[in-house]
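Two complexes, one shared chain (chain A), two partners (chain B, chain C).
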Partner chain A sequence: MEINILAFGQVAEITGKTNWSVPYVKDTGELRVLLEKSYPRLQSIEFAIAVNKKLISDNSELNDKDVVALLPPFSGG
Partner chain B sequence: MSEKKSHKVFVDGAISPAFIADSISKHSSKKNIGAHSLFLGQVRDDKIDGQNVIAIEYTAYREMAEEKFLEIREDAFESHSIICMHIYHSLGLVKAGEISLFVFTSAVHRKDAIDACEMIVERIKKEVPVWGKELMDNNNSQWKKND
Partner chain C sequence: MRYRRQTALKEFGIEGQEKLIRSKVLVVGAGGLGCPVLQYLSAAGVGTIGIIDFDKVELTNLHRQPLFGMDDIGKFKAEVASIKLSSLNPEIKFDVYKIKLSSANALELINAFDVVIDGTDNFSSRYMINDACVLLNKPLVYGAVLGFEGQVGVFNLVDKNNGIAANYRDLYPQPPQPNSVPSCNENGVLGVLPGIIGTMQAAEAIKIITGIGSPLRNIIVSYNVLNNFYYEITISPLKSKRIKFPKTKSEFNNYDYEWFCGEVYKHHEITLEEFDILRKNDDINIIDVREIEELTDSTEFSCIKIPLSRFKESLSKLNTNNTIVVICQTGKRSLTAVKLIKDEFPECKAYSLQGGISEWKKHNQNNPV
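Our next item is the complex of A and B:
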């Protein structure tokens, strides 16, 4: 069981990679804690989470093979 | 008749004035159109701590962005009386002075075209996962912020 992570923009600069997997965790809150432990600089920036391309606002349950994207504030246009 | 089929939004590098002119001329056969509204976003040479922005490098979460563009498109047809609409956004490097966003709406009357165009631009800035990295003339860079 695993979760696929995608990182973009400033988040990807901190993690040093854009696409990797982590062992399964039950929800996005737990995943955030885990990521901030692995990459402490993530604590100092703002980023949103999308699960399978849908932006989530509250802690959300995760399933095996979900794609979790770490999205710093958008700045298109 | 509404033209609701969508096209590719992302283009490599800057959007050329010739491309924009060509888009306008393609609409001359649709004679029920009475008004076009165009928004063109241009890369600005902001000065930050004495350094100039010389270009913006755009990246995106492509799959999610494409879904979002489609949702914005469907909502625009739902909420505004428009005949057609087009969105083009750059990816990769766009130099200061070049165009990176082109939104084009057409309607029978001007108000529908103008309102729809504004709504689409605002939603793109807020909701679409695209990031711009501002590159400075001394090789520094920083992440662009949208107001």
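Our next item is the complex of A and C:
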């Protein structure tokens, strides 16, 4: 059982990779804690979270092989 | 003649062209994103195009803003753009605004157009344009770039299948901490990237106006130019609106976007002199946020005592119609309290007293009231 992560922008810069897998966790809240433990700098930035290409705003349940995208805001033009 | 190659498309036709000619599109920002948007919308025959930009052309713009040349350096972008675009297509009416879009002028400006394109380069403008479009019910074509990655999407355009019209606040309810996201000035941007994203924004605007295809409504696309990775995310409206955003035109006019995005934190402090002037005014509430055990001294003015430790839960009881001045011992905690007030009541005039009570006492010994 695993969760696939896709990182964009600053999140990818902090984690040093754009896609990887982590062992299964039950929801996005737990995933966030796990990621922030591995990459503490994630605590200081904002990012939107999408599960299987759908934006989520509250803690959401995860299933095996779900794809979680971490999308920080950009402002450049 | 001019439009024959696109009117020949059976989905587009003469009808599509007429829709474009009758339409009015506002392009906010004539920079990396704005240039391709303006070039393609002018070429395609959008009848009226508004260009807002208060900036002037700089040498470092040219790698990604090929609408401009060496002779244009130092000239207003909006003005240069309208001259060049008029020569590209003299049939277009250009409304040129060499001003900064603000909460005082945004609603009036945006209201005169059918579609708005965000080509700005800062968060406060992005939130302001989004909120104005929500209030005025205007479709917004969003685009943003940084480094090698860009985002594009269409907000505030109802999906007739489910009645949903999401917006920027559903994607990012609150702005990032000031200075936590680098700008293109600091971080850099590959010149061709805003060209790609801006051209996608122009295509979205044309699809919205003519009704062909499927615009990116309620969708945000992330595109990486280095590996051509393209990823779509569907946005749905937030269930809990945690951040208050303006619901009426007057709330909008009074909403301080630069403050909301942490761009002008310091402007919300007042000096001792300003405080003495304000104090003579009846419509001012002074709040002391020091903890009860600290309040050993008496002040010569009346104030409401709400310790910072209990400030959050007392917010709802504040009279935010009056100007609020928050004080503490040295002026640090009062600034935190002002931030709390402004997060909850962005339209409230709230200030922190610089230097706090200790400086005010010194000042008053020297300048007796």
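General remarks:
Quick note on the criterion: the second predicted complex is superposed on the first by the 73 of 77 C-alpha atoms of A that agree within 3 Å, B and C clash if a C-alpha of one lies under 4 Å from a C-alpha of the other, contacts with A are read in each partner's own complex, and residues count from 1 in each chain.
Keep this in mind: contacts are C-beta pairs under 8 Å (C-beta built on N, C-alpha and C of every residue); 3 or more make two chains touch, one makes a residue touch a chain.
Keep in mind it's a predicted model, so treat the numbers as computed, not measured.
Which of chain B and chain C touches more residues of chain A is settled by the count: it is C.
Contacts of A:77 after superposition on the shared chain: both chain B and chain C are touched.
Once the two complexes are overlaid on the shared chain, A:44 sits against chain C while remaining clear of chain B.
Within the superposed three-chain model, A:10 lies in touch with chain B and with chain C [touch as defined at top].
Touch criterion met: A:53 reaches chain B and chain C at once. Legend: residue contacts after superposition of the two complexes on their common chain; A:33 is shown touching neither chain B nor chain C.
On chain A, the surface touched by chain B in one complex and the surface touched by chain C in the other have residues 6, 8-10, 50, 53, 69, 71-77 in common. By the touch criterion given at the top, residues 29, 31-34, 118-123, 126, 143-147, 149-151, 170-177, 180-181, 183-184, 187, 189, 194, 220, 222, 224, 229, 231-236, 238-240 of chain C touch chain A in their complex. Considering their complex, residues 6, 8-10, 50, 53, 69, 71-77 of chain A touch chain B. Residue ranges of chain A in contact with chain C, taken from their complex: 6, 8-10, 18, 44-46, 48, 50, 53-55, 57-58, 69, 71-77. Partner chain A is touched in their complex by these residues of chain B: 41, 58-61, 63-64, 67, 89, 100-101, 121, 124-133, 143-146.
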